Amino acid sequence: MLGSIYALIALGYSMVYGVLRLINFAHGDVYMVGAFIGFYSSRWLRLTYTNGQVNEITPAGMLLIIAIAMLGAALLGVLIERIAYRPLRRAPRLAALITAIGVSMLLEYGGQIVFGTTKKDYPWLAGTAQLTGTVQSFGGISIDKVDVMILIVAAVLVTALHLFVQHTKPGRAMRAVSFDMETASLMGINPDSIISLTFIIGSAFAGAAGVLVGMRNHYVEPLMGLTAGIKAFVAAVVGGIGSIPGAALGGLAIGLCEEAVRAFYPQITDAMVFGLLILILLVKPTGILGGGTVEKV
Amino acid sequence: MRLRAGSAVRLVVWTAVLAAAAMAAGALIKGPLGGYYFRLLILSGIAVVAAVSLNIINGFSGQFSLGHAGFMLVGAYASAGITLFAHHSINRAFDAVGLPAGARTPVEFAIAMIAAAAAAGAVGLVVGLPSLRLRGDYLAIATLGFGEGIRSIFVTVDALGGASGLHDIPEYTTLTWVVLAAIGVVMMSRNLALSTHGRALFAIREDETAAQAVGINTFKYKVLAFVIAAAWAGIAGALLAHSDKNIDPRSYSFMKSIEIVVMVVLGGMGSVTGAVIAAIGLTWLPELLRAAAVYRMVFYSALLIVMMIVRRQGLFGRAELSIRWMAETLRRMTSRALGERR
Amino acid sequence: MALLEVDRCTVAFGGLIALDEISLKVEQGEIVGLIGPNGAGKTTVFNMITGVYKPAKWRTMTSETESARQVLPTARKRVHYGDIVFDGKSIRHLQPYEIASRGIARTFQNIRLFNNLSVLDNVRSACHVHAKASIPGAILRTEAYQKDERRILKSAVHLLHVFGLGKYKDEMAGSLAYGEQRRLEIARALAVEPKLLLLDEPAAGMNAQETRELAELIKQVRDDFGLTVLVIEHDMRVIMSICNRIYCLDYGEVIAHGTPDEIKNDPRVIEAYLGEG
């Protein structure tokens, strides 16, 4: 289900917004780069083999390329933060927003140059190519074996993150910084390293999502970050931007709604996603699980 | 409301002079230099209208709007609706009034643009009223959502042309119209900025709480800025549609909104002059870089990032180009050259 | 009838009660002081009067013996709506800008000027509330609009001269010295043509000389402009020298109220400050 994908990407948006109050427009493109890293590593490490008409990859191989993609994406995320966002830490938010957009465009157009604009063929998970049927089917909504696997991987990652944020020292530090950066730094927390950590985790998750999507749709292309990015962003807002469980919830919600609408009225899926965004902004802008802050006069 | 005789006459005279100049320029350029540069000039003018109008929201009142292309799209469709579907009814009205043939196209187009402004302004009201209750980032997200939502509606509804948009729109846009529109939006911005209403907008930008405390109805003014800007965006959309001769709703996307935002930011948020120059520059730049082919967009985005890091107040910051400023600067430069002899 | 009457108003943020059924009165022409230790709720009073915070609609009944630190959700005997009456009319439900146009102007504890606007424009922005020109009029520069602009310019420049800021009129407000910024904020507040002026710690950060001048300025402004003033201050010299009456706040309640002499010797006031001031 695409919902888990959106959830993974939405987490990155939420976390970065939580600590930096910045909407990281480039996040969707980090997801795209992750997918490509997965693709190229599966090639170069010769993890794919031909089985009949398709390229396949073993589950173990898949986990390996996910890990590599996560690493690569994390690196990219930190790089972006260092070069493009850190100098603007104290700048007005619109400037940072514009920079984020610039980075996003850079990745997209740069990606088109480096990777070429044609879609790349992604390997199938071993044993799934033969499955033309589905595991389950609810009404018009179908769930593939691949989807179940995606759900599992996503669930594992999200749970790990939740445990990390709630029960470890760096996790608590992250929450402190997202609450009040200045006070947190007075408490001995180095905001720079926490911010880097946030980007690492967020980008890694996006990278994983990229590989998973590649495995599901069997292709990747440089502009794939656009639609997925915007929808994941909507998911983050709907769930409550700045809230980690919110991002997960939002992702699943958007994914479900999309599936439902696509089954009956495929043309309005996009419009509906934005409609949801506007609805939540009007009714509860802080999102389903988000909390508000009071401004002192 | 009485216009002082002097200023009214001056207004009319200036407009006539500029219109004539534009017409002459249009004829001159289209001939020898060919359609390519002509189109570039038209696009520059449209960009000026779009950028200067967005500057009223982003620069004057300090709000974030990331959905300006949506208003352009509304204006494009509204104007095309008139010129395509109301064409015959209008011509019959012209017959009844006895309007000479030469005046028909301009008048029809004027009607179309008024319709575009009205429609876009109305949509601006609908979008602004709920969105402007939100703070900063959320407002940006809301406008983004509305912009894309508007586009999705036009793409989806087949009755309005659906994904393939509208075609065979008559090419009514001339350099004259574009110049008039550009001048119009600039003059309006300037007069607004110098007035008490403009100061109200600036106050909101500076400190909304303090603005409220001195009696400014901040919500009303934010909505007002929004609606005025949307109306002008509608006009820009109308001009674009009647130059492209078709409307492809997919091209009025978030990306286009961002391009306009970049013009405003690069020129300096709040500066009308900056918006004008950036709009023209950024329309020509990708074309001039066309030689670099694929690399030009990469260069463009890198430029954006560097600009934000190095000089984020843009070219002009909040300053404006004015005769007095130019005279002052000239005087300062010459006195420095003459070795500071007072 | 008093110019301003606050009648048993409560301001609560969630479960935290910032103001607990406070009442105060300000008569026309008075200078009333509002004192109390930090966190007592003085600025909250200002925010409530100017409409930034709304007084809570319910008054919860608390027992006579325990002081109100917690909201008791069940014990609601007499339901009473706190009210704020200005110039004879209730302003409780008005927006801040409406209250300003009714004639209440304020300054802020942390100066809130329009830093990137000129000194002149800071004042002129406050003249907007009395501007008559319509927007189409402004865009087309009609006769009426130009007349209005001239009037605004004249009032603003005059006001700047009264406060000794005339020479800075084209400077950026943010570039002024601290003391001048404070004066500018007061000048801006006066451009609203208020009947009641709320000053929030106007002497903060000033030395003894500047403080004396400020005290004189406040009295003069009250006399020349026919104002009524409500002033929050920590500096007792200012309070004692200019106020007709003083209210002392602590933990969101009025603990003492009277003339400067009465307040000076009130044991509750002394205790609240623990000997400070």
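Going by the order they are written in, the chains are A, B and C; count residues from 1 in each one.
As a convention for this text, a contact is a pair of C-beta atoms (placed from the backbone, for glycine too) under 8 Å apart; a residue touches a chain by one contact, two chains touch by 3 or more.
Every value quoted in this text rests on a predicted model; they were computed, and no experiment measured them.
The chain with its C-alpha centre at the largest distance from the centre of subunit A is C. If each chain is reduced to the average of its C-alpha atoms, the one that sits nearest the average of all protein C-alpha atoms is B. Averaging Cα coordinates per chain places subunit A and subunit C 49 Å apart.
Centre-to-centre separation of subunit B and subunit C, using mean CA positions: 42 Å. For this pair, subunit A with subunit B, the centres built from the Cα atoms lie 35 Å apart. Residues of subunit C in contact with at least two other chains: 52, 108. Along subunit B, residues 209 each make contact with two or more other chains. The set of subunit A residues touching two or more other chains comprises 297. Subunit C meets subunit B in the complex at residues 50, 52, 95-98, 100-101, 105-106, 108, 112-117, 121, 124-129, 131, 133-146, 148-149, 152, 188-189, 191-192. Those residues of subunit B whose C-beta lies close enough to touch subunit A in the complex are 58, 64, 130-131, 134, 136-138, 140-142, 145-146, 148-149, 152-153, 155-156, 209, 254, 258, 261-262, 265, 269, 294-295, 297-298, 300-305, 308-309, 312.
Residue ranges of subunit B in contact with subunit C, taken from their complex: 1-4, 7, 188, 191-192, 195-200, 202-203, 206-207, 209-218, 224, 318. Those residues of subunit A whose C-beta lies close enough to touch subunit B in the complex are 17, 21, 23, 84, 87-88, 91-99, 101-106, 109-110, 112-113, 230, 233-234, 237, 267-268, 270-271, 274-275, 277-278, 281-282, 285, 297.
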